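What follows is a pair of complexes built around chain A, which joins chain B in one and chain C in the other.
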Partner chain A sequence: MISSIIGQLFGIVPFGDIVFGFSEFSIIGFVVALIFTIVVYLTKPEKQLEAQKFRVEDKLEVVSLEELKIRRMMAIVCGIATAGAMLTYDLFDYALFLTLVGIANIGIVSAVKKDWVLNASYQYGLIAMIATLPLFGSAGMILAKTGTLSLFELPKIPTSLLFEKIIFAAGMAGETGIAPFYASKAEMFRAPGSPYILMIHLSSLLLIVRTVEILLTI
Partner chain B sequence: MENIIYSLYHPTMIIGFSVGILSLLAIGFQKDDLHALILADVVECAMLVIIAGVGTDLAEALILPGLVVSLAELLAVSEVLITRKHIQSKNHDSKKFKLFEEFKLPLHTGELKYDIEMEVLKTSPKFFAIILIVYGAILSGFTGGAVIATGLLFYALSQRVLGLNISDDVKTLWEGMAGLSGVAWAFWIFGFLGFFLFPKYWLVCLLMSGLGLVIKVGSKLGLVGYIGEVK
Partner chain C sequence: MKKLGKIWNYLSKPEVVPRIFSIFIALIFVFGLLMPHYLNPDQLYPKPVPHSQTLKTPLAPYDRGGVPLKVPAKLKSQYPQYEPDLGMITAYLTPVANWIKDKTYYFGTTIVSTPGGILDEILYYTRGMDTVLESSILLISFIIFSWMFFNKD
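Our next item is the complex of A and B:
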């Protein structure tokens, strides 16, 4: 089962307990995340032309240099965290990377000096904080049930982990802000500054794919 | 079932999840943003309870990153709240208070008519601060540093409550101690390395790292009371 999804395993990096593995699946995600991180580092942000209500002229929204620096740094942190989440083969480590991506997402939009954007990012932050309970809780329960957190060891243990998998998926949904919680995140995309906002979207997509892989293998 | 830890696992899970669900209910009823944030932090504490339910050494190692991550999220969201508050109140300029300045005695705000200059208000902060600093110096290490910092903070904040300024001599001394903290840090690191490199001289290394840490922590934490005094 495991080999059919992740493909060929090229090698592992044994950092003590925390094991990074290079399989065909994880290398693809890693490379995509790294390419987008470099793109975010090199490109300049977009300029938005906003139509005004009850007025003739349009307004040009420019991202100031101070704001740009913070948002670019947070976007790069987000990209590195996504790349790390692709490679790791430890369940708790993966949950930590997920939460780190959530924090970086809040950081990307928190530098925007707009009332509605900050409001949306506050709502998303609340959901991300609440979602740590099912995420880390399920990791702890899997550890209590099977005695290991390694994704290489978990498929070999014949224990039903259905409930833990369900709440892990719920925690992932809250942390990345997908469907049931999307309303809080949708407003965040309206902030000016294209490549940084793209990073929010890309990281959550890659993490969903990786979570599906993990839930299918363990 | 010989070990008591096994029997504690199920109650811990039930308590953790019920605290989480009750906090969710409370967040649902909440109208104030700040209260919702604090209740979300309660959910994260319930997360720590669930991890602690595993009850092994590994669980102890997992609680620390969980705590750090939850604190980072709390800081990020509160930073968002502060920025939003700042944007909303940009037009009206509100008066900014220093730490503990709002607890000023009525004596110094001029609301009280009678002149009640009490000697104990001036002497007791010094007394308590000296006792705490001496006790912290005896303790040494990280705990001693925290005790020293408590003494310094108590002195600075009580001076602020009384509406007095800290005298220049004390400020200079304080700044000098903070300047030492870099050297003290080096002492701590070398003392710590000494444990591994020269295990024979462990007592010297212990004293070196303990004294370095006490100066470092005491001066750095005590600086909190110093904030706002700098011109």
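Our next item is the complex of A and C:
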């Protein structure tokens, strides 16, 4: 069951107890995240032409150079964090990568000078902060129940981790902002500046897939 | 059907989402009270029994033994094969910390013990990547804050 999900393990990069593994599963996510990070670095942001209410002329929305720089940097940080989250085989480390992606997502839209975008990202920041409680709580409870955090060792320990898995999934749902808690993130997507906004979307999708893999293996 | 539409409309406002999420988390935690919880005695990062070291050693809750660069301290690790120097610098103390250690039995709980006093290998060696990520999360949030502060119109 485990080997069928992660596939063959090609190699590992050990940082002490925290091991980064290159399996068939994680390599795909890693490469996708890196390719999109390069795309974000190379492309220029989109320009939006907005129709005005009760006025004849249209308005051109341009991302200024100052704003572009910080947003591109945050998008690259988000891409690197996503790529790292794909590789890590340690539960606590993975939770930290999730949090890093969450805060980089806020950073991508924080430079937009629009009220409703900033309000939405503030609300998303609140959710991301609340979501750290179940995420790290789950990691801590798994450590207490099994005595280890390594994703290679956890499947070998025959302990029921149902509740821990549920709260880890709940924390992931808040951090990536999926279905019922989507409203604040959907407002964030409406900000101008396409390739950076794309990074928010891609990172959540990849992290959801990786969390499902982790919850199925442990 | 009309009521369902009202619920969707309510959910679509960004300012209610944190509220809904907190209620959702609270309900899950109530479910957690009904589940059995226990502690596995075979822990990877063990802690000594509370007060087992008090007034016996000045490094009270954190005494792991060992001599710097000679005798490794008592530490457990998930993958000892990747950590050849495990426990070698745990016992290192700065000259100031050494001086304070001779004066009091409560050195381990003072603020002097933390930076450069007792080097915690769990933080800096076996789980070093965690420390890197924690500080980078803090750094990113400071970058966001300072950018918004210096570019407010």
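Observations, loosely collected:
Here is the rule we go by: the second predicted complex is superposed on the first by the 218 of 218 C-alpha atoms of A that agree within 3 Å, B and C clash if a C-alpha of one lies under 4 Å from a C-alpha of the other, contacts with A are read in each partner's own complex, and residues count from 1 in each chain.
Please note the rule applied: a residue touches a chain if its C-beta (ideal position, glycine included) is under 8 Å from a C-beta of that chain, and two chains touch if they have at least 3 such contacts.
Every value quoted in this text rests on a predicted model; they were computed, and no experiment measured them.
Once the two complexes are laid over each other on the shared chain, residue contacts for A:D115 go to chain B alone; chain C is not touched.
When the two complexes are overlaid on their common chain A, residue A:I166 makes contact with chain C while staying clear of chain B.
By the touch criterion defined above, A:F136 lies against chain B but remains apart from chain C after alignment on the C-alpha atoms of chain A.
Looking at the shared chain after the overlay, A:L126 reaches both chain B and chain C. Of the two partner chains placed by superposition, chain B and chain C are both touched by A:G107.
Looking at the shared chain after the overlay, A:G11 reaches neither chain B nor chain C. More residues of chain A lie in contact with C than with the other chain of the pair chain B and chain C.
By the touch criterion stated above, A:P158 is placed in contact with neither chain B nor chain C.
Applying the stated contact rule after C-alpha superposition, one finds that A:L96 touches each of chain B and chain C. Put simply, chain A uses residues 92, 96, 99-100, 103, 106-107, 110, 113, 119, 126, 130, 133, 141, 143-144 to touch chain B in one complex and chain C in the other.
By the touch criterion given at the top, residues 14-19, 66, 70, 73-74, 77, 88, 90, 92-93, 96-97, 99-100, 103-104, 106-107, 110-111, 113, 119-120, 123-124, 126-127, 130-131, 133-134, 141, 143-150, 153, 159, 162-163, 166-167, 170, 174, 180-181, 183-184, 187 of chain A touch chain C in their complex.
Taken together, the chain B residues at the contact with chain A in this complex read 9, 13, 16-17, 20, 24, 27, 33, 36-37, 40-41, 43-44, 46-47, 50-51, 53-54, 58-59, 62, 65-66, 69-70, 72-74, 76-77, 79-81, 83-84, 87-88. Against chain A, the residues of chain C that register as touching in their complex are 11-18, 20-22, 24-25, 28-29, 31-32, 35, 37-45, 77-79, 82-83, 125-130, 133-134, 136-137, 140-141, 143-144, 147-148, 151, 153. Contact residues of chain A toward chain B in the complex are 92, 96, 99-100, 102-103, 106-107, 110, 113-115, 118-119, 121-122, 125-126, 128-130, 132-133, 136-137, 139-141, 143-144.
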